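We just call them A, B, C, D, E and F in the order they show up, numbering each chain from 1.
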């Protein structure tokens, strides 16, 4: 039987380059002697520091407390002495960072205990456990998951979509999780079905990952509540709005949340992390990171403690090629370029990518020739060239007229542009200036 | 109310003065203008009807303006009439002369046209005009066959040709019916 | 000194055509030959001169509500005089300028100067201003006419200057040529001088 | 450790580029060029080189004087030169070709700020300028043998003579350089469609509308299809992305508009050919079309399904 | 011939009376209050439409003055002179102490200051500052990507040989647009008549500043000591001049070891 | 009859477009073509005034000037007076009755007084000896032709607003060049209908 492959309008087909790490099993990385754990690893208010220099912390101990409606807990990923708590430049900007000298003993916090039977817990109890474990979206947005699981009352949720699309080129961390521990995802999914009080969950996987599709389907064979939605391989298939459109044919209204149309989307890695945290009781202190790119000698999928400096992670993979000019945290489409190897791996670091300057980046920028390819590629149906024109000319209001705020910053427009216009960068500038104006 | 009266008064006085001045100027210039107009008309009639001594209006109504050209003896030796039709850009207005004795066209003169200079405007040049002189009234003639078109301005050439043949027919009809 | 300044500004700094962009219609329409430009310029200058003087004489008598109609009547009277005069004594030129003689009435230069200058200054300065503007308008139109005539007809003031093998550039005497020539002239003049041509001053 | 480069995402880009697009169009023009050389001989090459040279030099000088980066290597000036040359009559004096090419690049492109910013199709603007400036030379269709021959369209208009269809399709002497073979034009056109440089909408609606009008007016659509610049214009000139609408709806409107105007001019107008004027006129409308046709945005639906 | 005079005079007289009546009637009937002051104020305003007054343009500012009793001192471009003139029309007295101020870029870094990374992308200071606050290792450092230069309506800003924005005080009209534009917040208004300025905003300690920037203020307090007018105070590792006291003697300029105090008279 | 009116209409809109081939109303065409919606309002206001003044001047010509033989020398004065007063009254009327309408159309009315397209239209109608219906259609067509030209120009100017145009050409220069090109393109309609 040939299955229907789901898709959305727009999007692009970059070179995926997933072969570099696709078949590499997840390896565990030793935590280095100095760990720098930022207190902001999520969207929202920074966590409140609970430790100070000189304190001794244990693995899994809460060191930053969730502060506010949208915020998340931060835990120590090793045991050892706190050297300092000070602002440091991280990928997310200048944030307060707890520096810990790892004593190498990995002493567990005494409060940590696994849960025997999840069935006995109430919905609120589960959500609280997820909150305590400091779980945030690991698909890149790092939105605190407990908030997502608590949608506004007037939103009736009927569908959960587990996002296993991993449409970003190069990255394979979700893929490895789906292939190696599919039961974590399925069990986590079942918990979430219960929490949301719904009947159906879809696991969206792109059709270039047949192994993952098979692995999951084997487990849910007789489960009515779960179904694998096979998606067309196209970027940004994993984008929340595009995924919802592909799976349910619904569109999230502009400026609204997915929950307003009854959908919740959660990344596959996040679901696995929820399952693990509930079972073992150990909060989120490590994640799978794909370390890849031509600039890396030995590309791998690694299980990394949060707070490990990128330098350490790269060394695990044989180090950086000497002529590597660019290092990216995340995938090549949405990832953030790093200016130093000292930044830490955080909850949102799905990959570390080292590319050669000459690899992909073309510098011969020219004028827009109005080919409209950016418009055809934009998954949001925007007119990127017009937005860019407005922002470039200093007329942000013109960009507003072209709905710049609906842009999901997927980068399809910049990717496809034959004139190599930095469209998305203009859009970001425009958005920033607009926010400035409002304040 | 005083203000309104003032407005009306001033505007009226200005209009009045303007009317007075203009009628004065007009009365000074109008004889000259009339003379000029007459001269132009004469010139074109004399031009298309060579050999006449004087002329008189034969018919002047909405449809047609026809003159009779008189010889020294006062005999009608030719007709001249004004014809108007569509050209390439705008209207073309011609004064066309007819020789009664030979029943042929004498010549035409372009009174007004808006054809392209260098192209259609050549309808006003001798080279093109000459082709029409001595063409008989009754045998229709056509561009390409009888008249060589101006290079790059076939439309204007055709327009003039058609205008002449068509208006000739009309004039002949009018004149013919009057004679009966 | 002030009088000199009022005169000279119309020639370049506040040239009605190249700097103020006033009276564009006749500027474009009649400059397909140098002589037409010259004639149009002189006719306009005459109207401008006369109306400026009259308006600066009677300005105090005219209430605001009927200012525009009153000025326009004055202007239109002079235009009619010019029209009749040309028709009687220069019938050929009158025929070529055609519709654009009456349109001097609504040429923004006239009303513009009358409104902004003559209605505020005394007779002497108004007259000088009118002469300056008039001469400025005239030279601009004549120059445009010369350029368009040379390229379009190969002649200047009707005198053939190009060799017989010269191919006439017909576009110069057609409507597009008017726009293009003036556009390029503005470009050259803007590049030559420091201050920029203003947007149309009529409006 | 070397200093790293920081740029905004995305960090990878598609391999297509403006020069590649331009060179693809140039390749697509090769069949028409070969057909032209076969019919008119080596003179075609001379005309072609003159106009390319003039275009490139004009672009270069303009950019040097304005202290802007020189973009002649992107191929757009070369392309304009080729397209312009292919729309000219065979025996046009070379200096006129030169003038037209200079106008095409200077007035058609550089005054608006160079590639991508122009409103009107530069090559067509150059041609229109030449047609109006040198009307006699531009409407004198002499073949190499200097035999004066009327274009089929002229024949159709003037006398209603039709030429045999197959000959029209294969070789068609008496038109512009590029119009010699409908077959060659279609070859290039379909290559462009296939390589996704152009969208089918403009050429098909353009040609379709013109033919429909001709048919309704009782004129022979086949002759209208294969003669004059219709195919050449529809595939190579009405598809220039810079000067045509952005959206698909906009492209349909553009194509239909071109078709209507071409039809009106061919059937009722003073000029025998309307393709050039129709494209230029629709170019003028393009900003307005863009203003009123917008793509359907995600998340702006009333009902959810 | 006499008849034509009569007819035309009476026709014109008739037309004149007719329209005179019409206009008189309609100007009464449809009269709308219009304040002449608006036009007058508009004539006085510079017409740059720069928006520094907070209104979309000079016209709307003049309307606001008349209709909404908006302050008459908002036009920084026109300065005190304009305000006085508007005051004459509106019958308002203005604050005579309005001193003209000009903008000053408080950074001399540029090539004197290390970069943390190589920035590539859109040439715009906001854009660059979105990524790690821009490529300069000093967080107070001018990024040199010309945002202020592009926004200045009076072309008063150029980039100097160090790649830092510099303001031509003769051209600066004090509209403050550049101050709002600079993402680094390093442009400040300074009195037009003073020439000595601390051209740095770095509040970090000498230890942090020294390795990054050759010309950054290190808070050494030499200037404080050398100033006889007691016009300089070092606070938060940064020297600050009290312009009310400064006489422009240049003592501090000569003394400053890193040349962070400088004169801008040219 | 109907065909005749249609021809007059098409002629005024396309073939002999007032701005692009007759050079009437060029000043507002250059000055008020920066924004499409403004240009459109200006066009509509002009069309309105043109149609009305075509009727008014026709009446004056037919019932006052012609019967008394004053056409040759009182035409201009009476026509401009009629137009100026008409415009001023419309303006006052709109201002009083509808604030919105005044803001979208009324503010353009004073500009229209000194727009030679209106007077040109009146004089052309008389020259062509049009009857009342023909004059009205001619006025309407000319107005629509003007609107068409100015809206196209505004669309183009909005588009090139952010383009890198040579300094000396910005504003009026490039507008004139564009008008020249438009005029070339409109030449394509020549010969369509000969009037």
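Criterion: a residue touches a chain if its C-beta (ideal position, glycine included) is under 8 Å from a C-beta of that chain, and two chains touch if they have at least 3 such contacts.
Predicted model, so just to flag it, every value in this text is computed and none were measured.
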item	value
Minimal step count in the chain contact network, subunit B to subunit F	1
Chains touching both subunit C and subunit F, listed by label	B, D, E
Farthest chain relative to subunit B (centres taken as mean CA coordinates)	A
Most distant chain from subunit C, judged by the mean position of its C-alpha atoms	A
Subunit B and subunit E, separation of their C-alpha mean positions in angstrom	69
Rounded Å distance, subunit D centre to subunit E centre (Cα mean)	49
Centre distance in Å when subunit E and subunit F are each reduced to the mean of their C-alpha atoms	43
Geometric centre distance via CA averages, subunit E-subunit C, whole Å	40
Multi-partner residues of subunit C (each touching 2 or more other chains)	65-66, 69, 73, 76-77, 80, 84, 170-171, 174, 176, 180
Set of subunit F residues in contact with two or more other chains	72-74, 77, 81, 85, 88, 166, 169, 174, 177, 181, 184, 187, 190-191
Residues of subunit D whose C-beta touches two or more other chains	3-8, 107, 113-114, 117, 129, 132, 135, 270
Contact pairs between chains, per stated definition	A-D, A-E, A-F, B-C, B-D, B-E, B-F, C-D, C-E, C-F, D-E, D-F, E-F
Subunit F-facing residues of subunit B, complex	15, 18-19, 22-23, 25-26, 30, 85-91, 155, 159
Residues of subunit F defined as touching subunit D within the complex	36, 151-152, 155-156, 158-160, 163-166, 169, 174, 177-178, 181-182, 184-193
Residues of subunit A that touch subunit E when the two form their complex	89, 93-94, 336-337, 339-340, 363, 394, 422, 425-426, 428-429, 432-433
In the complex with subunit E, residue positions of subunit D that touch it	3-8
Subunit A to subunit F touching residues, read off their complex	389-390, 392-393, 395
